[in-house]
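Got some structures for you, see below.
Two complexes come next, and they have one chain in common, chain A, joined by chain B in the first and chain C in the second.
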Partner chain A sequence: MNKETLSGYKGDALQALKKAGAEIGDILRVTKDDRTYEGILIPRSENGNHKHIVLKMRNGYNVGVQITPTTKIERIGVGAKPTFQPPPLPKQKENLPKVAILSTGGTIASRVDYRTGGVRPALTANDLYSVVPELADIAVIDAEIVFSLFSENITPKHWTEISKNVAKHIEKGKSGIVIAHGTDTLGYTAAALSFALQNLPVPVVLVGSQRSADRPSSDAATNLLGAVQAAATAPFAEVVVCMHESISDEAIVFHRGTKARKCHTSRRDAFKSINALPVARLRDGKLSMLVEDYNKRESNRKLVLKPDFDEKVALVKFYPGMNPKTIDWHVENGYKGIVLEGTGLGHVGNHLFPAVRKAIEQNVIVAMASQCIWGRLGMTVYDTGRDLLAMGVVPLDDMLAETALVKLMWVLGQTKNTDEAKRLLKTNIAHEFSPCSMYEEEKQYDD
Partner chain B sequence: MNKETLSGYKGDALQALKKAGAEIGDILRVTKDDRTYEGILIPRSENGNHKHIVLKMRNGYNVGVQITPTTKIERIGVGAKPTFQPPPLPKQKENLPKVAILSTGGTIASRVDYRTGGVRPALTANDLYSVVPELADIAVIDAEIVFSLFSENITPKHWTEISKNVAKHIEKGKSGIVIAHGTDTLGYTAAALSFALQNLPVPVVLVGSQRSADRPSSDAATNLLGAVQAAATAPFAEVVVCMHESISDEAIVFHRGTKARKCHTSRRDAFKSINALPVARLRDGKLSMLVEDYNKRESNRKLVLKPDFDEKVALVKFYPGMNPKTIDWHVENGYKGIVLEGTGLGHVGNHLFPAVRKAIEQNVIVAMASQCIWGRLGMTVYDTGRDLLAMGVVPLDDMLAETALVKLMWVLGQTKNTDEAKRLLKTNIAHEFSPCSMYEEEKQYDD
Partner chain C sequence: MTIDYAKVGLKAGLEIHQQLNTSAKLFCNCPPKLFTEEPTITFLRRLRPTQSELGQIDPAAFFEFQKGVKILYEANNETSCLVEMDEEPPHQLNPEALEIALLVGLLMNAKPIDEVYVMRKTVIDGSNTTGFQRTCVVAMDGEIMVKDKKIPIQHIGLEEDAARKTGEEGNVIRYRIDRLGIPLIEIATAPVIYSPKEAEEVALAIGRILRATGKVKRGLGSIRQDLNVSIPNGALIEIKGVQELELVSVVIEREVERQLNLIKIKEELQKRTIKKEELKEEFSNVTPVFQQTECKVIKTALSKGKQVFAVKLPKFTGLLKKELTTGIRLGSEMADRARFWGKVGGIFHTDELPAYGITKEETEKLKKTMNATDQDAVVFVADSKGNAFDALKAVAERAREALEGVPEETRAANPDGTTRYMRPRPGAARMYPETDVPPIQVKPEYLAQLRSQLPELPEQKMQRLMMDYALNEKLARQVLDSEYSQLFEVIVQNCGVSATTVAVALTETLKALKREGFAVENVSDEQFIELFRAVGSGELAKEAIPDVLGWLAKNETATVAQAVENLGLGTLKPEELERIIDDAIRDNAALVKERGTAAFGALMGIIMKQARGKAKAESVSELLKKKLKQFA
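== the complex of A and B ==
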């Protein structure tokens, strides 16, 4: 039994499958305690543990079943072995816009994996045309695998790599760039690209999906089509996140990269624009702008690439009983910036004040965002906020905590001068601050 | 100039006010750079810094103005000096239910402060009847100041104290308990009381307000009236959070203590029930239940008080580029539990795996909640989740991260046995887990 027939399995799971004579693609019946699972054995990815086997059930869901000594595995059918046969290239319509699709991994890429050949980790233009043939009517696709990662494994170094890759394709004259990305940290990456890619001539559209395409409820193809259409033809030239607007397939929205947050673990409309409207909506094939203050597409504009991030920045969420030494630890370990995710209008318990003051005295930039998520800080309303301001804490108004983290990493990648860094942090670069009156119910707190 | 006339001011602010001959209650015109503020000088609370003075503007807002060497202060009028004159006690209707109002501080208590005499920090029954006279028609109030804190300064020790205080009043035969609390950490305290006060005979209603009552848009009186009405007469006997349902005054809702989260920095409907319906709604004076699975009021039921919390528990929010040594630090510093606020279905980057494994090997309970906020974990769907489960990470399904922190503190206050603690952590004690089918769009991931 060679490696490919049970690709990705190891340890107990591998032994149990070998004992049952099972191979990838076989239909298995697995009985465990009083439950029975029937489905097609699918390959595992490289980091798989040794305890689970994964079946694709008839309803389209993948289920991980933990193997115990009493688990019984029967091979009840032989499935089609995954083979990779590239489809013929569709007839290219050379007068169409050219769009690059950069794959970084995630559910939206995994769709293509399974359909085209088991563990094949990502997409080529041919793969894409074969699974979403409508793409050939919208754009000429140039597909590139940047890497193949679950997005929880994407770090600031990857943001740099993606940014440079986008710049390369813009340099080549693409009409727009689509980036396929896992949804887990898609919001963080979108914020990162919003700061790294300035003065954009064309749209940069991050796209994910919440369900792989082998599920009946998949959003992968709809989102990808929407992303490519926007990249090819949308009037805006900004970094956006393209996902379902609601749980129906009716509309796709484009959230600003600095304002997009994953707010649901599994729904297709997991992403929301926080304290802002989405930039645009695509419905019935027609894209309409929802905001007026957007950067317009202008292919002659010269991209300014600023891809550096400093990882010595932490996001620290405040909670009751939090130990102030958590802050000290970051300072002692060379952190240059700390974003506090405070409560309400921008508060932390006053037992943290000495640690915050010490951090600032040691030239660490301490900034404040709110764990409420929605709304705006108001640090002059109560004494706690005023005291923190007096210490030098930088209030980040209505900026998302996740965007604040990314921005502070980016700011400290641009300059090591603390005053200049604070100035940059407070400068509205990519709509990370919304105008004050826009989403507030009432007049805001002011000083 | 004695201490009371400029109560709470110190340093530069005090000097500047003295120089202008200003006293609390005076109408001041403050000119700074090119802006001018006019308003009544109001007192500061004890922790005030020395740089700001606070004016109540004509529109009802309090504004903090930082004093710089060029700031000009003019006294343009003499306001009414705050005096405290207790109103006559209203005629008590002794056949009404008896409700305790325990004040812990916060905006809802500060209302009473200003109206009744400057920095007077909290409420007596008389204060309450004088500012919300309608209370006398609903219940006989027994008001007690437990402490007077901005809620960001409330710690697990205070949760214990509040719990014991509630128990004392239930022992005395109250029909219900209202707890006035700052909104910043109201959700954490509500979760804490939900675990500490088991087998409740009567309702325990936490109430806050987002605007102090001296503002035109205040929600303080409406919320307090609703809270007292529920405490006096509602059919449920659970720990709930009472706040506005929307930005209008139309309805008040009662969120379950384990499911309530502050999701907006300033709106009156800041609190939302996450992955659950609110327990009840009060509209036009009528309370209607929104759920069926609630604990019914039964005055003969014997409260079980379990007020202990272990503070050696941390909430750690994952982010790209996070240093695994953050986890090591908690283990090395004697933490017994860590709630990871992971991404999506319950993930962290695989560079954290060795640190997580080491923590678990050293008997630290590592639990997972999602930073998405809405939705449910699905840790068997991807390899990352399966690997974390295989290490022994405890998945907390649809539990709020904040509730998870509080519950793990509470669990480790009940037992030091790790297996027993994990069992308790996974047991649904106060509706912190919602039934699986309730708010999901589709069938859930399963193993």
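== the complex of A and C ==
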């Protein structure tokens, strides 16, 4: 008997179950004092205590039974292992556009094992067709599992890997690429791909969901269908993030990879385009462009892949009373770039000036973005801003702090020359800078 | 039809859902209350049936999804937050609600669960924004005694109430989410109830125990009884949402009657030797028959470009109009199905024609078109081809089921005690764990503490009501069974009004007002207390209580003072009363002269006409007697 057959159980509970020869999925009868419970043995959460076992009773409810020295456990039935019998797959239409769906860990489709309560992700093309059959009317799917990670565990190395995978599928002639990704760091990955995948011939659409795919109310299927439709037919060829526009299941919007930010912990419309309009909106099956200046789909265009990132870059948020040693530490530990998330128009307290100056003298690129999230820097307005500029701090205008971090990593992955790096950092590569701050852009955030 | 239920072999079980009067909802901090104003927030959703590991999807749910059914949710900030909108994970299970459920469990001798797990029960009709209802079992294997019979209580659970349906337009269903998340306690009995009357007694007994906690909501909709009813050769039918206790027995009576008549129809169909294969899903376009029709429904449909489609039910003539139970015919059962599956407004059938503006000629022409003989019935609908075909398919299916007797299905209770088709019976409970809410351990020390503070049981309370408040047995029982038993004691202890007056007002008076159509559940505890304070202090005569309650029922947010002013009530000042009496004696001087003090009765009647509700009858009679003596 190994760990898997009694997953999650420890201590007294594990001993008692072992003694009874029970495995997960077996039907047990547990007698304790004057009561008897009968049900299927369910795995226990890793963080649960060592004293209870969990049974799923015939009426479908789970109950936890505390094991005492007098508790009797009998195994009265062997668990039947669930065998998945998928419904017939929808018919493939070979003349439809071909779309790759790369999964990185965001569960965009899943099914529930009501017998044990387990939720299993659907990852292969057939799984996806089976759970979201409408996909078959939009595109021919080529599904690939790149890795299975919670998005907070994704690093710049993974951005590189995803970029190369996208390039491979574009090479194979796909009409578009969909990347399923957990939402927490989806914005960072989107920015990274925006820089790594240049001269795109087709759209690259990152998609996530804010409600898990096992629930009927999930936004996952709607978002996935929107993402696949855009990948297959949208007129733009850019890296975008595809999510709900509001809390209704009505419209899907496509945010630019460099401008998308997760702004809410739980809402379906958590992602917003910051200091920019979304690129397009999909409503009632129709996609409409919201911007005029975009890179158009052109399947003959040759992709330029620049997948390297230098991880020795930090995003440092300034706060009142911040210790300047925070900056020193990064310099001493070999960091090549620091993005300061300053206050307001682009400020940090003047007690940090010596540390900033020292960093720049040691050829560390120090850039500035604002912690206000919305708006543009204005570092020539006050003395503090002017002083920082004089030291050589690079102002990043209306660029998102997170995008600034990713861009500096990418820039230092392309060149080690400080002047060249600064020039690249200030060059608008993937719409990370907006030429004007438009009033209209803010209107979308009004409720 | 009188039925010998023992002979019929009736078996019924109850599942009682009662809203708890907690300060917050079950999984968030919103107040558990409803709103009547226009919603300030609306959002549109679709629910997608989740596939199970076995590849199965609930057929009814998938059908609704394919039809493109959308749900428009209505909300406001006062009654719901992001949790109800399914935009934020649930908070922890409300400990106040859990405690009430555990108390009820202990009162019913049930065994509390060591570690309580919140589950997700798939519900995809839109009544839950998540697509599932959060529910948990708190205690199991209890029992209560009802008329010396042991009624096993299978489980005591806690679950979130659903959103309430506010409308349906085309394929958009509207739900209001104010009710969503209000804690409900669920009590399920074993199916050991053998007569409608017994069901009502069991429901009453459970209601008494629930009220004993003092923590349950009152008023229409705060308690809902689900019933499962079966008879041999019939089927196990689940009936949802019986809102009034008095209806429990009626619903069971009607259901048994319905099943018995369906069995009769089955026997008749066997006699007529119909085979399932003969009931084909072949639909004909019969629009030409109705080109000149005077039938308004069909005329309107045709003007909107819809068409008329029909299906033949061979050898079914006469059976569609056969009454199953009051107001329900086999035809109406088919219409229910057609409405559910086809989203049509209704169906027509030859058993009821000519009628509705459809002439005899049209009926004949229709039968001819359909090659129907006098043995056959024809069912038709006027709608789009898609809807009409779905509707007629459902009709044919229901006809085939009639060959088997009673189809298993979930039905919903109507306010008159009849029931209607709600949906096919769901398969095995589709439950899986609510992983967002951690399991709750119920510790022995906590249970010991609860055991030491159990509320008194109904029978003990009955004794105490009679002893402490000197109520007679009838009044005491009425108070015990009333939703106001808690409030009764508060009022008697605080307002200085006699217990009997309060008891009569809270039971008989309210019942009478309700019968007259007053929405007395609108009167709040605060308004009751204010009213009895006024009576206790002599500002208001107790005779005015019914009028004030009636007025308050219509004016939810008003004060008692406003009621008194609007009704022209209030106690007369001594000098005002004296003037009324003096006027009466003067106006009837001849009578007084003739009869002396014996004129009392006649005068009293005249005076009370003006003073009712404004002066105590005792004070009037006292003063009148004094005055008459002066004249005599």
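One rule holds for everything that comes next: the second predicted complex is superposed on the first by the 332 of 447 C-alpha atoms of A that agree within 3 Å, B and C clash if a C-alpha of one lies under 4 Å from a C-alpha of the other, contacts with A are read in each partner's own complex, and residues count from 1 in each chain.
The working rule: a contact is a pair of C-beta atoms (placed from the backbone, for glycine too) under 8 Å apart; a residue touches a chain by one contact, two chains touch by 3 or more.
Every value quoted in this text rests on a predicted model; they were computed, and no experiment measured them.
Shared-chain residue A:P156: touches chain B; no touch with chain C. Judged by the touch definition given at the top, the superposed model places A:D293 against neither chain B nor chain C. Looking at the shared chain after the overlay, A:S246 reaches chain C, while chain B stays out of its contact range. Using the contact criterion defined above for the overlaid structures, shared-chain residue A:S266 touches chain B and also reaches chain C. In the superposition on chain A, A:H52 contacts both chain B and chain C. Taking chain B and chain C in turn and counting the residues of chain A each one touches, the greater count comes from B.
Of the two partner chains placed by the overlay, only chain B lies in contact with A:K317; chain C stays clear of it. When both complexes are overlaid on chain A, the residue A:V65 reaches chain B and chain C alike.
Once the two complexes are overlaid on chain A, the chain A residues touched by chain B in the first and by chain C in the second are 45, 48-49, 52, 59, 61-66, 217, 247, 265-268.
Against chain A, in their complex, chain B makes its touches with residues 44-45, 47-52, 59, 61-66, 150-156, 159, 182-185, 188-189, 217, 247, 262-268, 270, 309, 311, 313-323, 325-326, 329, 333, 341-351, 370-378, 380-384, 386-387, 390, 402, 405, 409, 440-447. Partner chain A is touched in their complex by these residues of chain C: 43-55, 57, 61, 70, 82, 85-89, 111, 113-117, 119-122, 124, 129-132, 135-137, 140-141, 154-155, 157, 428-433, 439, 441.
Those residues of chain A whose C-beta lies close enough to touch chain C in the complex are 34-35, 42, 45, 48-49, 52, 54, 57, 59-66, 82-87, 111-115, 117-120, 130-131, 211, 214-218, 221-222, 246-250, 265-268.
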